[in-house]
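Shared between the two complexes below is chain A, which pairs with chain B and chain C, respectively.
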Partner chain A sequence: MCDKTIICRCEDLTAEEIREWIARGYSGFEEIKRVSRIGMGACQGRTCRRHLLNELARAGGISPAEIDLSTFRPPTKPINFAAIAGVDQDAKNS
Partner chain B sequence: MQKTADVVVIGGGSIGCATAYNLARSGFRRVVVLEKGYLCRGSTGRCAAGIRQQWGTEMNCLISRGSIKHFEVMNEMLEYEDDVEFRQNGYLMITYSEKEAAMLKNNLALQERLGIPVQFLSIDDVKEIAPAVNTERVVASTICMEDGQANPFKVTDAYARAARKLGVNIYTYTEVTGFRLEDGAVKAVLTNRGEISTPLVVNATGAYARLISEMLGHDLPVKPERHQIVVTEPLEPFLKPLVMNFFHKSYCQQVVNGSMLIGYGDPHEPEGINYSCSWQFIRELAEKIIEQFPIMKNVNVIRHWAGHYGISPDGQPVLGPVPGIEGYYLALGCGKGFMLSPMIGELVAQAVAGQETTLPIDILSIERFEKGELIVEPAVV
Partner chain C sequence: MDKTEILIVGSGPAGLKGALAAAGQGARVTLVERDPFLGGQLVKQTHMFFGSKEHYASERGFKIAEKLGKAVKEDPNINIYENTTVLGYYEDGVLSLEKEGKFSTIKPEALIMATGAQENTLMFPNCDLPSIYGAGAVQTLMNVHGILPGKKVAMLGAGNIGVIVSYQLLQAGVEVLAIIEALPNIGAYHVHASKVRRMGVPIWTSHTVLSAHGRETLEKITVAEIDADFKPLAGTEKELEVDVLCIAVGLTPLTEILFQAGCRMAYIPELGGHVPLCDETLETSVKNIFVAGDVSGIEEASAAMVEGTLAGLKAAYNLGYGRDSYGELVKAARLELDALRRGPAGEKIRSGLERLNLAGKEAS
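So, the complex of A and B:
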C-alpha cells in the first residue's frame, strides 16, 4: 500500500500518517485509535480496521490475529435521535 | 520490569500520568506508573471532556481554577508535539426549577468571591449565546467563558510523554494484585508481572480506587457511578459552550472534530463497574436531546459507551496520605478527575515529596469522612 493511500475515509487518514504514529512509539490498536482518530468516524472502522491491523502487524513482525481489537459498540450503524425516540423525523436529511 | 522504585503510581489516566510527571519534576528519580490496560482505558478516556470552574465548594473552585491555568499553557508546559485541544468555549449551566436556580445563585456568589468570571444570564442572553437551545422551560442560567474542553486522550498522552522524558517508567497491561505491608508501612506492590519494592504508593485509579484500598485493608468510601455517553456524526460548528442541564442531569458539547458528546448517569443505577450500555438509556437520552435541542432530531448517533465516576460522599476530591498506612496516598478527583488532573497531579506530588502544597489539601483528606466534616458539592451532574 503506498504512503498516500487513504486508509480511514471518515477521518481522512493516509497510510503514511498511520506509519508515522507507529514510528512515534504508539504500538497498539487502542493507542493509535485515540491519538489519530482512526476508526472513530461514522463507519466505526469498517474499512480501516483491517488496514490498521496490517500496518501494526508489519511494524511489529507479528500476525494480525495477535493484535487486540478495540471494542465493538452499539449502534451497529448510525441511527438518528428521532428514530431512537420513536418520533417523526423531519422530511429532509432523514 | 524493574524491581525497585522510589514511588509507584497506580492508574494510567490523566491524574496518574500528571502525578508521575510532577513527582519526577520534584526530584524523585525512579517513578513508576502501573496501568492494567492501555493509557486512559478507564474513566479518563470515557469522560465527556468538559473542564469547568463553576462549582459550589471553595476547594472545587480553587482546584479547577488552578487546573484551567495549566490547561491554558499545557502544550508548551509539557513540550507536547501534538495539541491537547484545549478550547475555552464556555460552560452554560441551565436549570428548569427555582430550587436549582437558587443553587446556581449561591454558587455564583462563591465563584465571584474567588475571582472566577461567571455571569448570570437572561433568557435572551442564552438565546444569543446558544441559539440551538430550547429555552422554553429555562428558569435560570449561568456561564463562564473561561471553561471549556480538552481532549482526554491527548492530555494523558502529553503528561505520559513528558513524564517519560523525565525518566518515568510507565508499564501498561500491568495489573496490581496486592501489596506487601510491614508494620503498617507499604513495602512493595505486587503485580501480574512481578513485585516492585517501594516505600510510596499513589492510588490514582478513579472508580477502581476502592478495590486498591481493599488490598491494603483500607475501607475507602469512593464508589463507582456509571455514566453513559453517546457521540454523534461530526456536524458543522453550531454549539459553542458545553450545555449542562441540571434538570436532565445531562451534559452536551460539540468537540473539536464536530461530533456531539452527550451523556449522564442514571440516578437509579446499581452500584458497581459495568462497561455495557443499554438501549433504555439511549432512548431516554434521545427524548431529552430532542426536547433540549430540537434541531438535533435528525442527527445520527455513531457510538455509545459507558464509564464511571469514582464518587465520594461529598462530591469533592480525596487527596493526600491515608492515616494508618504509611506511604499510601490518594489522588482521586471523584467525578471530575480529568478536569482537575493538572492540579491534583501537582498537589499530590507535593504532598508525597513533603513539600508545602499550593492549596490547603488537608481539607480534602480521607479523614473528613470519619470525622463527619463533609463539605457537600451541590453542583454535581
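So, the complex of A and C:
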C-alpha cells in the first residue's frame, strides 16, 4: 500500500495535493475549494475545514482567525431532488 | 410551511433544558432532533456527573436524558420532531427540514441552535483506514448500539473524552494498550485519569501517532515522542499492534446554520474554533437567534443545560412570555453558570469567553 495522508475523505484529496495548490499561489479558502473541490462532498467540509484552515495559516504565517471561510450553503446533508420537489417516492416506486 | 414560536435545533442537554425553560414561560416550542431519540450525547454517557444536586451530580448521563426527555414529552407546549435534520436557513427566516426522506419548511419567531459539536480528526499517513474512529463514535457504538469496536485499542488524547472512553472500553472487556497525548500533561480530571492508570493503562504524554498501517483495516500504528514544538524525536518510534485507534483530540462547534443566518462569528481556539458572538443570555448578533451548549463554545453538559435555560428564558421573553419572572430566573441561571466555571477546570472556558467578549466589542 502507498502511504497517503488524506485531508478530505469525501473528495479523496491528499494533504500533499492541497499543499501543492498553496505552493502554486492559491492562498484563499474559497479559491482552493474551487480548484480542488475540498469540502464539497457529502460531509460539506465538516472533517477537512479545520485541516485546510490550519494548512493555510501555517503556509501564510498567520492565525486561522485571519482566514475567511468559504460560504456556507444549504443543504447541510445530502437530500434527493425528488424529496425537495415533493415527489412521493414510496408511491412512485410501488 | 409550518410555523412555530420557538424552534430548537438539537435535543441534547442544552436543547432539552431550553425547551423546558421556554415552554415553562408559556411559549410554544418545536424541538427538532436528528436522531430517533432525545438526549444528544447524554444517551451514551454511562459515567456519573460531578457537581451539585441541581446539576444532577452522581447521576449517569443517560438517566438525565431519560428524565429530561420525559419532562419534554409530557409538556403540552412542546412539539417534538425526531429523525429530523435542519438542512438550511434562508434570508426570510425560513428553515428547511428533512424527516425520513421528506422535505418541509418551517418559520419560527425565535430560533435556538443547540446543535452541539463534531469530533476533530487528525492527519497522518493512512488516517483514513477503516477502524480509525473518533472516540465519541466508539462510545456511541458501544453504549448505544452494544457493538464492540475491536479487541486492542490505542487512544489518542488524554482529555476527558479520551480517558472516559478508555475506561468504558476496559469495562466492556476491550484491551486498551495506551493513551497517547501530544501535550506534556493530562487534560482529563484526575479522578478519571487515575482510574484508568490503576487498571494498568499507561498514559504517554508528549507522544503522538506518526502513521497507521494495515491492508484492509488497521493493523498497527507508529508512535513517537515529540518535543515542545510537537516535532517527533528521532529514535523514539515504536510500533503498537492494534485493531482500533480512537481519536479524541477535541471538538468543533457545529455552526453552519449560524453562518447561513448571518450571525457574526469569531475564531476562538479555546472555544473550539468559530463561534457566534452572543450576549449573556446567549442571543447572537441576529435578533431572536440564540445558541446554547457546545455550539457556542466547547464546554460540558452541566454548563450546556444552564445555557439552554438562559436561551429558552430570553427567547420566550422576546416573544412576550414570562415578563414577571424573567429577571429573577435569568439572574439565578447566570449565578449557576458562573459557579460552574469557577476554579482551575474553568480556566480555559473563562479565557475563551473573555476573548469572545473582546471580539464582540471590537465588532460593535
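Here, the second predicted complex is superposed on the first by the 86 of 94 C-alpha atoms of A that agree within 3 Å, B and C clash if a C-alpha of one lies under 4 Å from a C-alpha of the other, contacts with A are read in each partner's own complex, and residues count from 1 in each chain.
One rule holds in what follows: contacts are C-beta pairs under 8 Å (C-beta built on N, C-alpha and C of every residue); 3 or more make two chains touch, one makes a residue touch a chain.
Please read all numbers here as calculations on a predicted model, not as lab measurements.
Asker: Should the superposition on chain A be reported as showing a clash between chain B and chain C, or a fit?
Answerer: Once both complexes are aligned on chain A, chain B and chain C fit side by side.
Asker: Is A:R50 touching anything from chain B or chain C once the two structures are fitted on A? First, second, both or neither.
Answerer: A:R50 contacts chain C only, not chain B.
Asker: So in the superposed three-chain picture, is A:K4 touching just chain B, just chain C, both, or none of them (first/second/both/neither)?
Answerer: Touch status of A:K4: second partner only.
Asker: Quick check on the superposed pair: does A:P75 touch chain B, chain C, both, or neither? Answer first, second, both or neither.
Answerer: A:P75: touches chain B and chain C.
Asker: How wide is the angle at chain A between chain B and chain C, using CA centres, rounded to the nearest 10°?
Answerer: Between the chain B and chain C centres, as viewed from chain A, the angle is 140 degrees.
Asker: In the overlaid three-chain picture, which partner chain does A:I84 touch, first (chain B) or second (chain C), both, or neither?
Answerer: both
Asker: So, A:G28: does it touch chain B (first), chain C (second), both, or neither?
Answerer: The answer is first: A:G28 touches chain B but not chain C.
Asker: Touch check for A:A15: first (chain B), second (chain C), both, or neither?
Answerer: After superposing on A, A:A15 lies in contact with chain C but is clear of chain B.
Asker: Quote the smallest CA-to-CA distance from chain B to chain C in the superposed model, rounded to whole Å.
Answerer: Minimum over all C-alpha pairs: 6 Å.
Asker: Across the two complexes, what residues of chain A are contacted by chain B and by chain C?
Answerer: Of chain A, residues 44, 71, 73-75, 79-80, 84, 86, 89 contact chain B in one complex and chain C in the other.
Asker: What does chain B use to touch chain A in their complex?
Answerer: So the residues of chain B touching chain A come out as 37-41, 45, 82, 153-154, 157, 233-234, 257, 277, 279, 282-283, 286-287, 289-290, 296-305.
Asker: Which residues of chain A touch chain B once you look at their complex with the stated criterion?
Answerer: 11, 28, 30-31, 34-35, 37, 40-42, 44, 71, 73-75, 78-82, 84-87, 89-90, 93-94
Asker: Inside the complex, what are the residues of chain C that reach chain A?
Answerer: The touching residues are 85-90, 96, 98, 101-103, 118, 120-121, 123-128, 211, 215, 252, 254, 256-257, 259-260, 266-267, 269, 273-274.
Asker: Chain C touches which residues of chain A in the complex?
Answerer: 1, 3-7, 9, 15, 44, 46-47, 49-51, 63-65, 69, 71-77, 79-80, 83-84, 86, 89
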